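Right after this note come the structures.
Consider the two complexes below, in which chain A is the common component and chain B and chain C are the respective partners.
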Partner chain A sequence: MSVAEKSGSTGAGAVAARPPGQRFDRKTIVHAVGIAIFFLLLFFVLPGITSNYWLQICTQVVVYSVVALGLAILVGRVGMVSLGQIALLAIGGWVALRIGFATGLPFPILMLAAGLVTGILGVIVGLPALRLSGLYLALITLMAAAAISIVLQQTNFPNGGGGFLGYDITGSGTAALRRPSIAMETTSFFRYTLIVGGLMFLLAWLHVRGKPGRAWAAIRQSQPAALAGGVNITLYKLWAFALAAFMTGVMGCLLAASGGGLTILQFPTQESISLLAAVFIGGVYGFAGAIVAGVFIKLVPALLDNWDLPPDLLLILFGVGVMQVLLTAPQGLAVQFPKDMMKLAKLIARPFTKGRKTAGEVAR
Partner chain B sequence: MIRIEDVTVQFGGVKPLDGVTVEFPVGTCGLIGPNGAGKTTFFNVLSGFVTPREGRVVAFDEDLFAMPHYKRARWGLRRTFQTEQAIEELSLYDNVAMVHEHWGQNRTSRREDVLGALDFVGLDHLDPRVKVGVLDARDRRLVEMARAVVGKPRLVLLDEPAAGLPDEETQHLASVIRRIPEHMGALVILVDHDMSLVQNTCSITAVLDFGKLIAAGPTAEVLRDEHVIKAYLGTEEEL
Partner chain C sequence: MPDLKPFIVLGLALGGVFALSGVGLVVLYRATGVINLAYGAVGAFGALISWELINNARWNEWLAFLVCILFGGVVTLVYGYIFGPMLAPRDPLVKATATLGLLLVLLGLSSWIWGDDARSIVLPTTSEGFSIGEVNVNYTQIIALALCLVVTAGTAVFLRVTKLGTAMRSLANDREITAMLGVPVRRVEAAAWLGSGLLSGATGLLLSNLVGLDMVGLTFLVIAALAAALIGQLRSLWVTLAAGLAIGIVQACATPFESIGGYRSMTPFVFAIAALLWFARKQPALVRV
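Right after this comes the complex of A and B.
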């Protein structure tokens, strides 16, 4: 958003007119209702109008949206770039499969365990962030992700075998994690994933709105100011990494139960870079951007495949998308697209409202 | 009261602070000196951003250097910056609440304290939910000031709070600064190049030049001191 737009849309004078003390203004309520309708549509309507194949793709979109949200928090809120998120997703899947095959623990406990173990690993991957930033941090996390991939390539994902690794070389290559009893079908599993994904969005929202969010905003803008305000920078940076990794690990557990099991081929190291690109295209500051990123990473490739278009087209789309975002829409598609649509609507409405509005108002 | 004893900071061959010993008793105290005299380094030492090579600081009978920097804020040390550092992303309320919640006390009266601080600096005419990014330079300075006074500050360091502000706004700032010791009981140390602001607000002033303390005492006397005048205006070179 340009400075002119910023002051134009939310000028101090305009906002100050609102009576103080009123907790929920109209905008917040409209947002909340919009989100609720969107969620309910996905929950009730989507399974009815799509095939099982597309519903599985949508399950993956939910999974990757949450992973993207974790990355968006790191990049957009705290200002730390991580290229290790896909490797962390694989770790979440590995842990869930290992514990799932070894024990009969209920599914929510498996998700929690996968989240916690991945969270701890995320903190370790994030340790360099205390000293490094920008490109160097990105490189270090990419190296960590590559290391995790190499290890997983050797160990494979547990398929019900014995020992610490739980991989039986004589068994079938992969085996899926057992699903929760209330979500055995594709439809119910999609709904289950949607609810867990929604809870992860809520968790992230509570963080961003609360004490950690304020500390992160301070760290991102000025570490000296954060320190002077008494923010323990070490703690809050690692907390952000832990939160992103926790959310990613939980989704790894769902991914392990969604298809026919996991292989390392599903988690190429370079996908973390695509994810970062997708997050930039969607928008790093808002929550809707993460959903756009999930769509870009999982739904768009499936659509290209469906239309018999070459998959490389996706890379071109990413390239164009990132350039477009960096040049004209720094807040990402999730913010820019509705704005453009509003502009378009105003342009269309222009002949009808000409007498009432000046051209300048319409252009704005 | 804060007592700085023999503080020396060394960066390679440069000594931004060289054996500075000074005492600031109560109220608002000034710290002046030409550019590069070591004023900001002095603040950075107190806030914990710079570790001195030697020396100690005793503030209200506590050893300041024994605390890690983020704990100094909890203890009651606050500061503002030469280039204003209000957090643009956050609202007015959140900017101040951030400091209050990390201070960690008076949780139940947070809202009251935060609104009180905004009121104290004269920002009560704005909606506390406005993002700081849309405010002008003066209001941002005041947001920073509100962050420095919220809760119960004990030592407030103000680094050129009037830089870039026109005269009438500087006067408002001066009145805010003068009220801090009375209302909060905090000791204020003010760094500024605006001599009228220093004269208007500070009873005691210390002068640094090339990292050394060259004068300290009642402001009016210090400003008449010939060493101080020389430090600011330079000396005639004899050829």
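Right after this comes the complex of A and C.
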């Protein structure tokens, strides 16, 4: 059983229905072109029309979109709820800073290392709870998140000091990770983040479209049936956990390099809950939902701040949204909104179409 | 070795409140299948209201405390009465996730109205007390400990003896069969929501005295209570009580040790994770044959 129980089937089964010989159907091609245009617009046009401040916020939106994507895969594809993704993001940042200050390794290696360590940690957190029900997994991830934030509060983030913790108490407090040499400026760093984020989306897409995606779909429908069908449940659940944690860890590395260093205040426990709410509101099944969630988590608060509105309104909206999604619209805003708009359009169009019909009847 | 006696008193009071919250969570879970993650937020919001009433509206203290407890009961009841039946057929995970919605709404409202400053409520019972040996004990600490013992014992007897308690226990087994037997399911569930909510108001009040009135902090103290409830496997009231007290004592006694003092808030998680590992060991796992 899962959060997704109210929904129908998702795209995983549709792959087989394609006629032989045709590699991609038309819908897929239209989608791919749409995504490519969206990506190119972000890559080339966005840096030209926004200031550095908003570009930094957009960098964060990319980071949190990928984190949200990891959570959306867990919730939507496998039916597991994790309330500790933000803590994993902090872990990724910590590892990247620690290795970054200790060595001169190139940035991509740092990202990989942060991702791998975070992935392993994600598996360790998830392992005991996987044998219990999904409720226990949610609770244990919430506890792990709180525990991680307590530890990080004591150890702080590395700022170039010595020892295992790498925190120099006499130093300037926080220090940013050095950026890759090709992305020193805000603009180029945004593009760099965008490319890495795009690669993460691609990685997730390949997983969902491939064998793991089919295994996850089977597990979500029914664990006993998946087991009978020969799916290795523990392996694929852990795989999903590790994938989400890996993506989150890589993004932690980028986050560590994006601003002036990290503090634990950037990773409050309630943000993991807000993230879950945002992912629900955005929609857990599609990839667009993750981007909507990233926008909600990072861009909307900045906009509210800009318009002198209290950012707390967003929390209230999240609360109402998560309940609304759970009760009525399990597919989230990314799917529900276009549907509602279509309905509205039909409703508006109805008097006109009706009128036309009567006119036709009169003519006959 | 530092003198631990004062910390044991602190720990018993804190553990008593953890246990009290844990019992509130377990009662609700047993009757309705809902883990109310907004438990701490409701209590904290109630405490903020009574802070406002005492400091700005100049209300009588006891009246304001009563408002806090009633607020907990009413908000939880309204949530349960509206959303409980809608979510009843869903997975426990979905029910728990929905309470996160309530949590976020309360967090947002409180930070909008009151900001993020830390406040404190001092119950009149805190200023008076007595000493055992060299250790001072105040009456708030006594209330916390006594209340958790009384509530646990009372709830255990209530569930076993009264008609309503029996109905709650049968609801926990099977909602539909219970309804078939003619038990007014919604009324029984409402009673469980109300009882649990009143407890959340009381714990919010006690915690804002013992720990400090900080919305986010109190909201996530629910995790400590949850740890106690998990050790009781969301079933046993007495194990929950014992676990809550143990967590409180260990956490308080870690304070004077410099090396681990900063990590003392991790105690509930260590307990809960150890307990979960223990249960998972006994659980028949779904693995490939």
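As a convention for this text, the second predicted complex is superposed on the first by the 312 of 364 C-alpha atoms of A that agree within 3 Å, B and C clash if a C-alpha of one lies under 4 Å from a C-alpha of the other, contacts with A are read in each partner's own complex, and residues count from 1 in each chain.
The working rule: contacts are C-beta pairs under 8 Å (C-beta built on N, C-alpha and C of every residue); 3 or more make two chains touch, one makes a residue touch a chain.
None of the values given here were measured: they were computed from a predicted structure.
Visitor: For A:P268, select first, second, both or neither according to whether it touches chain B, chain C, the two together, or no partner.
Guide: second
Visitor: For A:I233, is the partner it touches chain B (first), chain C (second), both, or none of the two (neither)?
Guide: In the superposition, A:I233 contacts both chain B and chain C.
Visitor: So in the superposed three-chain picture, is A:R131 touching just chain B, just chain C, both, or none of them (first/second/both/neither)?
Guide: Second partner only, chain C.
Visitor: Should A:T187 be classified as contacting the first partner (chain B), the second (chain C), both, or neither?
Guide: Neither partner.
Visitor: With both complexes overlaid on chain A, does A:P224 touch chain B (first), chain C (second), both or neither?
Guide: In the superposition, A:P224 contacts both chain B and chain C.
Visitor: Is the number of chain A residues in contact higher for chain B or for chain C?
Guide: C
Visitor: For A:A215, select first, second, both or neither according to whether it touches chain B, chain C, the two together, or no partner.
Guide: In the superposed model, A:A215 contacts chain B only, not chain C.
Visitor: For chain A, give the residues common to its interface with chain B and its interface with chain C.
Guide: Of chain A, residues 224, 227, 230, 232-233 contact chain B in one complex and chain C in the other.
Visitor: For chain A, which residues are in contact with chain C within the complex?
Guide: Going through chain A, the ones touching chain C are 1-3, 5, 81, 128-129, 131-136, 138-140, 142-144, 146-147, 150-151, 153-154, 223-224, 227, 230, 232-234, 268-270, 273-274, 276-277, 280, 310, 312-323, 326-327.
Visitor: Mind pulling up the chain C residues that touch chain A in the complex?
Guide: That would be residues 35, 37, 83, 86-87, 90-94, 96-98, 100-109, 111-112, 216, 219-220, 223, 226-227, 230, 262-263, 265-266, 268-270, 272-273, 276-277, 279-280, 283, 285-288 of chain C.
Visitor: Where on chain A is chain B touching in the complex?
Guide: Of all residues in chain A, those touching chain B are 6-7, 10-12, 15-18, 20, 211, 214-215, 217-218, 220-222, 224-225, 227-233.
Visitor: Can you list the residues on chain B that touch chain A in the complex?
Guide: Residues 47-49, 69-74, 78-79, 81, 85, 87-90, 94, 97-99, 101-104, 125-131, 133-135, 139, 147 of chain B touch chain A in their complex.
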